[in-house]
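First chain written, first letter: the chains are A, B, C and D, and each begins at residue 1.
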Amino acid sequence: MGDCVNDVFYGTDYHSHLGTKRAGLAFYSKEAGFQRAIHSIENSYFRNKFEDELPAFNGHIGLGVISDTEAQPVVMTSHLGRFAVATVSKIVNIKELEKRCIDKQYGFSEMSMGNINPTELVAKLIAEEKDFVSGIRNVQELIQGSCSLMVMTSDCIYIGRDKLGRTPIVIGKKGGAFAASFETCAFPNLGYETFHYAGPGEIGKITADGYTKLKEPNDQMQVCAFLWVYYGFPTSSYEGINVDECRHRCGEALAKNDSVNADFVAGIPDSGVGHATGYANFTHIPYKRPYSKYTPTWPRSFMPQSQAQRDLVATMKLIPNTAVIKNQSGVFLDDSIVRGTQLKDNVKDLRKAGIREVHMRIACPPLTYPCPFLNFSRSRSNMDLATYIAMHELEGKEERDMAVYSNPDSEEYKQMVERIRLRLGLDSLKFQRLEDLIEAIGLPKDKICTHCFNGSSYF
Amino acid sequence: MGDCVNDVFYGTDYHSHLGTKRAGLAFYSKEAGFQRAIHSIENSYFRNKFEDELPAFNGHIGLGVISDTEAQPVVMTSHLGRFAVATVSKIVNIKELEKRCIDKQYGFSEMSMGNINPTELVAKLIAEEKDFVSGIRNVQELIQGSCSLMVMTSDCIYIGRDKLGRTPIVIGKKGGAFAASFETCAFPNLGYETFHYAGPGEIGKITADGYTKLKEPNDQMQVCAFLWVYYGFPTSSYEGINVDECRHRCGEALAKNDSVNADFVAGIPDSGVGHATGYANFTHIPYKRPYSKYTPTWPRSFMPQSQAQRDLVATMKLIPNTAVIKNQSGVFLDDSIVRGTQLKDNVKDLRKAGIREVHMRIACPPLTYPCPFLNFSRSRSNMDLATYIAMHELEGKEERDMAVYSNPDSEEYKQMVERIRLRLGLDSLKFQRLEDLIEAIGLPKDKICTHCFNGSSYF
Amino acid sequence: MGDCVNDVFYGTDYHSHLGTKRAGLAFYSKEAGFQRAIHSIENSYFRNKFEDELPAFNGHIGLGVISDTEAQPVVMTSHLGRFAVATVSKIVNIKELEKRCIDKQYGFSEMSMGNINPTELVAKLIAEEKDFVSGIRNVQELIQGSCSLMVMTSDCIYIGRDKLGRTPIVIGKKGGAFAASFETCAFPNLGYETFHYAGPGEIGKITADGYTKLKEPNDQMQVCAFLWVYYGFPTSSYEGINVDECRHRCGEALAKNDSVNADFVAGIPDSGVGHATGYANFTHIPYKRPYSKYTPTWPRSFMPQSQAQRDLVATMKLIPNTAVIKNQSGVFLDDSIVRGTQLKDNVKDLRKAGIREVHMRIACPPLTYPCPFLNFSRSRSNMDLATYIAMHELEGKEERDMAVYSNPDSEEYKQMVERIRLRLGLDSLKFQRLEDLIEAIGLPKDKICTHCFNGSSYF
Amino acid sequence: MGDCVNDVFYGTDYHSHLGTKRAGLAFYSKEAGFQRAIHSIENSYFRNKFEDELPAFNGHIGLGVISDTEAQPVVMTSHLGRFAVATVSKIVNIKELEKRCIDKQYGFSEMSMGNINPTELVAKLIAEEKDFVSGIRNVQELIQGSCSLMVMTSDCIYIGRDKLGRTPIVIGKKGGAFAASFETCAFPNLGYETFHYAGPGEIGKITADGYTKLKEPNDQMQVCAFLWVYYGFPTSSYEGINVDECRHRCGEALAKNDSVNADFVAGIPDSGVGHATGYANFTHIPYKRPYSKYTPTWPRSFMPQSQAQRDLVATMKLIPNTAVIKNQSGVFLDDSIVRGTQLKDNVKDLRKAGIREVHMRIACPPLTYPCPFLNFSRSRSNMDLATYIAMHELEGKEERDMAVYSNPDSEEYKQMVERIRLRLGLDSLKFQRLEDLIEAIGLPKDKICTHCFNGSSYF
């Protein structure tokens, strides 16, 4: 059986756009047993942090994870033997489950930002049962929120996708190897092809020889729309739908409903680029780059820098092209408006560079509800959402009928959008309609979680 | 007078796309005198290499340089006082000038890759004369090849553009400060506006208060076409002409003469992107990204890595998007074909990802003559040029009439292009015509150096 | 209550002579809760590895540990609340205790070199009981081998010394703070004075206000003789007895029984220095340095280097002084002879530098039995001991009466010593007699573990 | 011819005790020509700074230098061909020589702390002449102060010792190689034996085959006494006299004239250790270590740290041993008293640790005159010398008869020493007498520079 260290190392690296805090690798080989390393990646790239250790690893089976929250993978020694666990999760009822474990005298040996490590909790819930499949079912049943996970034993990797499929797991295949991944963009350069999109709640296992389904997927699905609109790398696909193609359709849909006259179309880098080319291709307004990213030396702003340094990076990374901007009218596309702070700065810079008109088009509806399901949502606390600030200006009280603000045909919605437009200093502003977004994604409406747009949800 | 350390530091950083080997900074202040640092940037970014030293620098006047050749700036102590020099040059007659100096007993204290340091030579030629303007004239007269330079004294910065204007110098201005730069992309984020494009052979000086012309520009100019087609950062301008806009016009010109039927248009990242959007905007064929660069962790491949590592970076940095590529026909734009090696690999990867047709369009004519004027030319030794290999296959001898291969209407040109097409595995291949390139740039034909396309040149 | 971060940080650093693999720090403050960091120190100093994180720590209570074995401290969340544990231990019956825990469904979340982490096991054994004192007693009763430990809660630090006192714990005191340490050398530069030497099996707790004994010490003690002879830093004391003074007495004792005529006395650096000055002071033979350590750049050989690099460091670190050595006769002192390999090389170097006579004097008796009690013993597997090789040459069989080789008056002992002398190329060789060693230490004979010299032991 | 890179690299490293600012290496091979690297060593060890570059170097001839002043070696291209120069020098008349060169239109391309680089000046003075021997003579004649130098050409290394031999050059030899060094401690571990001590003003050249004297040494010599007393590594020798043996004789000489009653003798680490063992061996007062250096992690305090950090290192590096100190009386030896600041702190710490009596013995006479000959002298500006402060307290005026303070039998000398004793808080204080120091060194009085003790000097 071949060594998988390189595949796991580079495959994990291709998830770096999803996190900047912590990363971990685990391998198993008969000779060396379980091996694990976890490092902070706040100050340097994943690859730089781990590459010195690579020669020391060996294994025909391995697991890697990039995480913005807890240290992972956890390696547990239990009556099921030794196994490694990595999760993408948000455990809403974590306090209750912690108590449940401590009452049973299972102590926790790991910490995560002053609390227990959620992945260690998941490992303990797995080890409560008599085998791994029952253990993963146990996790799926007990956890409120969401949890997709992988478990590496000395024989195989078990995968368990979140019961409502909020986050994805995709199986890849090449000669002599199978792999499971969050992002399919990790596959082609390592020689893998997409083999199977695991369904909601599906449990299975992979070995070098194949993938075996151990629990059928559930009918219900609530996959997060932002995987396509924002999080996913352009070349990735989920549920068989490519990210960049979906963004083109988002841009086209916005274009269909639009009649603005402009000299050029542009994307806010990098989140609006796919949407913008879709818009430009449909309208035949020239696609241009009013900003260029200075990537030779501003590739990423590491986290622990001071706020002053982060602001500097934000300012310096994008160079305006006056030749494109000056006295021109532009349509700008972006994925969504969260707080709007950075967008406001962008607009100010464009005005300074002499732009005549700025028309902003947003690939999804306004964010009106915070997300209770995922740790990495665009829509976190609603207090600082641009929509909330607008609503608050309009109504001046904490309690209000949110539903009307989710309805693009209501007067309230129009007033809210107008307020946001004014605050950001735009000449015009339009958001995608929910039905157009759903059509652009291309899944049935009840398979996509639209909670942050309209509050609808089921558990 | 204010401190200029930050402006020089960040302004130099914005020239990092032009070199990856060495960089240097020099400052002068009354209190601290001349201060200088030079570092290798082969293993880490310019900013990382210098930022620890920044607090130790202070000055109201400073100079920075990124260089792929010699260590710079040189600080010379002479009868003109102490001064720092930075150059962008190729000194064809360096051996002869070295002898001239040694005969006069001026020893050289610097080395550059086993030879004398060309910038130290320039400094000595300046110091031969009684003042800086005569000294810079001396350099312009003696040097064969090209040389643009800046000289920092304790009072001011002298600039001297190459006598034929092969490389640019542009003056920028903001409240209380003047700056000189190769790339205008360094200006906007530091608050500068373009103030004056120095002409060929122009000598001048800047202080905090203004720019003074000390020698009028020459009439003749031979500015390098590749500044726009390839080298320049998209947001930069030379002679008042913006790089990205020029690339759009290159793409449009190719589109006008083209009738290919395709599903999408794409640029070879990053060199073909501006050309490709110009082409797409004109033809209304959708602009798409069949490749995405994985910038979160593959920002740059540092030089001293092994060839194996550089190949790895080349392979891993670009992720193909099968959803865009599979069974589709694409028009691909690039700036030029040098050896064609990388392009050949790209085409292979596209075929592997299932593309139906690959149509390549090149923003300039075939490179048929090596460049004797610049060290950073696209067209170096002609031996490994794709054109040369094709010609050699066709004729099988060293001596041939090159002129016919520069004529796009000749049979020989067509056969050469067909040979290149076959070697690269393309469905079709077209190069820009020289007159279209010149029109896209927008300067009179006799102001642009077209040597690498047709061998024409004057000194 | 004051912040203890600096005291814990520098105090832990002063244990760096005891380990070169791993180190950890844990702190508790009301505002920040439990904080912990663990790093490998194989490639860089403890201080360098942790100092960047220091500003992020805060606490009025903290714990630090240097370890050649498992990652520590472990932070456990249990029905006793959250607590951190650090140990100095060798758990002979670890497999049996691991099974005991897994049978009770306490999974292990940590790994140490492919096995469970012994400190996590200790933490689980503590958490089996209803309070910390019972928990520490549980550890003392269940573990075979040895274990001294500290437990940090949000209120206090519990200490529990190994039941036979094989390894020490000493309490220090300064205005407003109490501390517990393995090495008293950590105290004076941080302002602490030695307050109390905890006895064998003693359990107690420290707070900022004082030390409270919670379990009386046992009568029996088996403290390791090598704490004084080899491991301890010269300025440390255990059981009230200073290390360097003990070494002087060792040297004096050897001198009393000696009559060799020599030009100088020297210690094998650094392990023999204290012994040598004791010898020189008694005999009035001049103390000299035939070797000087080149500390300006060879301070420590980090572990993961290749064997070739480690050999290089060994060779380069010590510079011989021919002026001292040539044609002279020297008495050399060292703590013990383990394999003798390095000593043999030293003697060769001395011969090369022209020494006339080399007389070796060893501060303890020959090592004839491997240590089953400590992980950091001088006397590990007996197979490669110099004594074993000598015995094997003499008898040529695996089974033999070891007792006679521990008796310095037996013929067999004399023959063994003579064999070692010959193998090392010495002019004369003498080992300390056991009763002289015990007298030099100054504790009653039955309080000191002499197992590696004569096999005597009790558990 | 073999490769010398390792020998030059490690040999240069063995000079690290002489400087902490800058270091450089140069090599020549036929294939690669001249190669050079210079780095700051303020933040990391010489070896760490250069070892990554070692594989890139190759040469059968090489030069390395550690310097606290200018960047070296300088590589000059001139009518003598290309050559590298390294110097140990203090050029008192540098301004005059700079003018001389600039008047001849030799510009300077290097800078050193805002001035011209003295080694570049030396290189230019060499290149004034028609061959290297005349060039080195030119340097010896023109320079006021001192200058020993080495010149590497593509054929050989020329050495030129300072005309008065203030600083040493020693030739070493092994099979197939010759080397020149400042410190003979660099020889034995690299397999070299001392072959020849170059005399004052001697010029010679080494090749792989031998050493050729090209100019006979001068009769007059003024070698610096502090080479033995303080600067030299213990195992080094100059003029055939070993450093540590000389220190033993210094200690013995102090002991002979002393009658203090004490419990132990100790050296101030590390400068007083050799002196102290000499004293102890003579008096039979036990030699002990009241302090131990914590070398496992405090090997060196790098320069650019803040003063606070340097003070911390000073405080933390030495651990007092109360068991040795408390209620005892000690004789402490040190090489000299410069400002006395650190000694004063040491005495305070000893008092805090409970010492009864501190008797200080100094291996050389009081420093009363600043050194005009060397850059690395113990006796710099006299303003902050402990002697000066004492004299100033006694006389209260700037002008005074210094000679009386150099006479140990004068009343003024006694009062000065008493003042210093009081300021440092000592129970007794004695300095070496000059004639005893000279006898301990063992050279004729007129061969040793005693300027800092009695102001005598000739140029």
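Note that contacts are C-beta pairs under 8 Å (C-beta built on N, C-alpha and C of every residue); 3 or more make two chains touch, one makes a residue touch a chain.
Just so it is clear, the structure is predicted and the values come from calculations on it, not from any experiment.
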Interface sides of subunit A and subunit B: same vs different residues, half threshold: same
Mean-CA-position distance for subunit D and subunit B (Å): 50
Centre distance in Å when subunit C and subunit D are each reduced to the mean of their C-alpha atoms: 38
Averaged-CA centre spacing for the pair subunit D and subunit A, given as whole angstrom: 62
Touching pairs - complete list by chain label: A-B, A-C, B-D, C-D
Subunit B residues touching subunit A - in the complex, by the definition given at the top: 10, 13-14, 16-17, 45-47, 185, 188-189, 233-235, 237, 242, 244-245, 248, 273-274, 277, 280-281, 284, 286-289, 291-292, 294-297, 299-300, 315-316, 319-324, 353
Sites on subunit A touched by subunit C in the complex: 32-36, 74-79, 82, 98, 102-111, 114, 116, 120, 123-124, 127-128
